[in-house]
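This structure is in structure tokens; I'll ask about it shortly.
Naming follows writing order (A, B and C), and every chain is counted from residue 1.
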Amino acid sequence: MNTDIVVFGGGIAGIEAATSLHRLGYNVIIIEKETFLGGHVTLWNKLFPNNKDANEIVQQVISSLNNNITIFLATESTKIINNHNNTYTIHLNNNKIIHTKAILIATGYDVFNAKLKEEYGYGIYDNVITSDELEHILKQNKRILTKQGKEPTRIGFVHCVGSRDRKVNNIYCSKVCCVTAVKQAIEIRQKLPFSEAYCFYMDLRMYGLNFEELYNDSQEKYGVTFIRGRLSEASENIEGKIIVKVEDTLLGRPLKMTMDLLVLMVGMVPSKGTSWLIKELELNFNSGNFVSSLDEHTKSNLTNKKGVFVAGTASSPKTIDDTLADSRSAVLFIHEYLKSF
Amino acid sequence: MNNNNTLSFLKKSDRTIDYDKNDRALFYYLMRVEPTVALCIACGACTATCPAGNFSSLDLHKIMLSIRRGEKVYIAKEITQCFLCGKCQLICPKNVNTRGVILQIISFLQSSQL
Amino acid sequence: MTKDNKQKIWASYQKEIADDNYYYARSCIRQNFFPAAEEMFIKILRKHLNKNIHDDAKHTTCTGIGYHSSIVPLETTMTVVARQFSLMNEVGCENFICSCVTSFGLYLEVLSTWKHFPETLSKTKNYLKEATGRTFTPPKNIVHASDIIYKYRFDLLPQLKYKLINNKTQEPLNVAEHVGCHYAKIFPESGIGGAEYPHVLSGIIEAWGGKIIDYPERRHCCGFGFRQYLIKANRSYSYTHSTKKFESMQPYNVDLILTNCPGCNYFLDRWQYVAAVTENKLFGKNNQAIPVLTFEEITALLLGYDPWKIGLQMHQIPVEPLLDKIGINYSKKDKYLGTKGPELPEILKY
């Protein structure tokens, strides 16, 4: 089959771009590896900084989809051939072959595999979970319980798990984890009013609109305690509680604390799809192994291959508003490119 | 053999902040009587401007953190060096009522000694 | 606590351990404090595993103690290490076993230095040639003695007369392990199981029926450290570190502590004695101290050797409670063979 543009990834970046491209009159095909659209945002509960329900965003983005956009769900590509005449041939694992003029990479990210940080005991100590697992529990409105079946009274959040860390080869900052930790700490305190929440941070990156206000509220209204220090280890005591060791850097003394639950703020790494496309299309990648843009300031959606564009977290960690803006920007670049044919 | 533990001085004292064992009564008291204490982000501007800190060990930034950790002994020792000039209150970017906090700490410590 | 991911970590940090034809480098201090330990290791390899192990009278200390205390310069240490390898070449061995964990860390450090800074290797070759006329080639495989017992733990299992099980209740014994710092913390890929969850001792405990106790301060150093310990006035510092570990073990009712480093064994044994005398404190079950054994001693004990013939009376913490739990028969009067034995503090007489 022939088309103007193939969008890899049916998350909000891919869908937003597809909708706009279709409105501009182009033939669009979306390829999504899961059985559902919406990507990671479908897994989130409430969004920072204003506590909006993630479902709202997903519904808003998906509802503008047009029936004339072809969507292949539960599908992946097996091979892509650059025909060197400004077209690409894409083979799918449903045995379809697509000839397209342009490709948009919107395959996004995966969360960092917390098992790689052995010293935190993820997957070994029962009461160590990741931030996306906590978000899942909050979304399902389940009771937050320790593995021993009790309501936790002390919950710790560990920032920078898998980010800013040479030991796991991820030097970059994943941007969203700090404000997510503040958000989740507030949510925990709301759900469990008799609990204490602690955030163990190296820096607090409250850069965005209303982030600082959220941080203020977390201290003023919800009594979250922030301890500046990177966790060195987590171990388990005889009751299954987690003992953490951290340097209270501002006081200059080591600190030891027993927590009921430890939440690891896992960062973003390029998704398997993103990595595969980088290899298959011979794209340049940056130090975080995300897709490299031709120019960070002025050509953020262009790659080193003509006709191949990138939007969303496939090129770097982003928030939802970043992603949607980036996606719309990609549409304009693609439109200018396709017009020239 | 020695049964009165007179040799236990041989052991070095642990400088780890044992958060589980520390008593945070002062913090909870302040949260009731001077809730702006919760706003502190330990930026250190108060300590930087403090005149007493030039010639004594008074460090309000450290005291604010120690309140949260429950390090009562340190606070009791250091807080008496403050002469309540008020410069810390002027500079605090979070509008913590630092003078109020200090006066309440002194009041708490005095009443807890009775 | 789930074990599945621990298994995955242990599997990813496996290393190559040679099969046979070993050259044995003894420890400076292990045989001074626990004299039968190294003899038993050699016996276990020769008699019970049918391996060739060369015990050389000509080898010296690796100078690890001196190097770590900044008394012996690095060049001297490298030359001494080169001589050890030369002796190994001389008897036709390619596989090196260190008895001491600090030695093991030191040999790895020297080999790594030679690899990354080749000029040090050529300098060492010159120094050795000038001092002794010898040449050397590094070993193909270098492991710690506990790695060998770990590798053959299932081969030894059918030969064991006893297991790490309480004879009366048939419950597994609570065994805490302490792996020496230099085993895996410097080069995690050279330790079985890596640095966070080393498996070399827990694997042996598990295979022989015991229950592994993961106490919170498991990773904490015993405080040996050499440099501060050499000065008597600093020993309270080392004592405090070990006590931190004991206090962490206390809630678990530990029956036995297993170690692989001679220094750690010495400390964990001796400081419990000091705690009993100076602070009146005991950290084991039923108001007793916790016996501390090395991996060679526990292997020999479970194989059925008489506890007093393998030197267990040299430990400062009485091992009788452990022997009773396992169900080993021993003779009280043979412990000190005719003498009355050392004076024990009241608190340790049980």
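Simple rule for what comes next: contacts are C-beta pairs under 8 Å (C-beta built on N, C-alpha and C of every residue); 3 or more make two chains touch, one makes a residue touch a chain.
Every value quoted in this text rests on a predicted model; they were computed, and no experiment measured them.
Student: Farthest chain from chain B, comparing Cα centres?
Tutor: C
Student: Once you count every C-beta pair in contact for both, which comes out on top, A-C or B-C?
Tutor: A-C
Student: Just the number, please: Cα centre separation of chain A and chain B in whole Å.
Tutor: Chain A and chain B have C-alpha centres separated by 40 Å.
Student: Counting only Cα atoms for the centres, state how far chain A is from chain C in Å.
Tutor: That gives a centre separation of 46 Å.
Student: Counting in whole Å, what is the centre-to-centre distance of chain B and chain C, each centre being its mean C-alpha position?
Tutor: 46
Student: Of all residues in chain C, which touch chain B in the complex?
Tutor: Touch list, chain C to chain B: 236-237, 239-240, 243-244, 277-280, 345-347.
Student: What residues of chain B sit close enough to touch chain A in their complex?
Tutor: For chain B paired with chain A, touching residues are 15-20, 31, 35, 38-42, 61-62, 65-66, 68-69, 71, 94.
Student: In their shared complex, at which residues does chain A touch chain B?
Tutor: Contacts found on chain A: 216, 219-220, 223, 225-226, 228, 248, 250-251, 253-258.
Student: If you look only at chain C, which of its residues touch chain A in the complex?
Tutor: Chain C reaches chain A through residues 1-6, 8-9, 194-197, 214, 216-219, 251-252.
Student: Sort out for me which residues of chain A touch chain C in the complex.
Tutor: Interface residues on chain A, with respect to chain C: 115, 118-119, 122-126, 233, 235-238, 240, 243.
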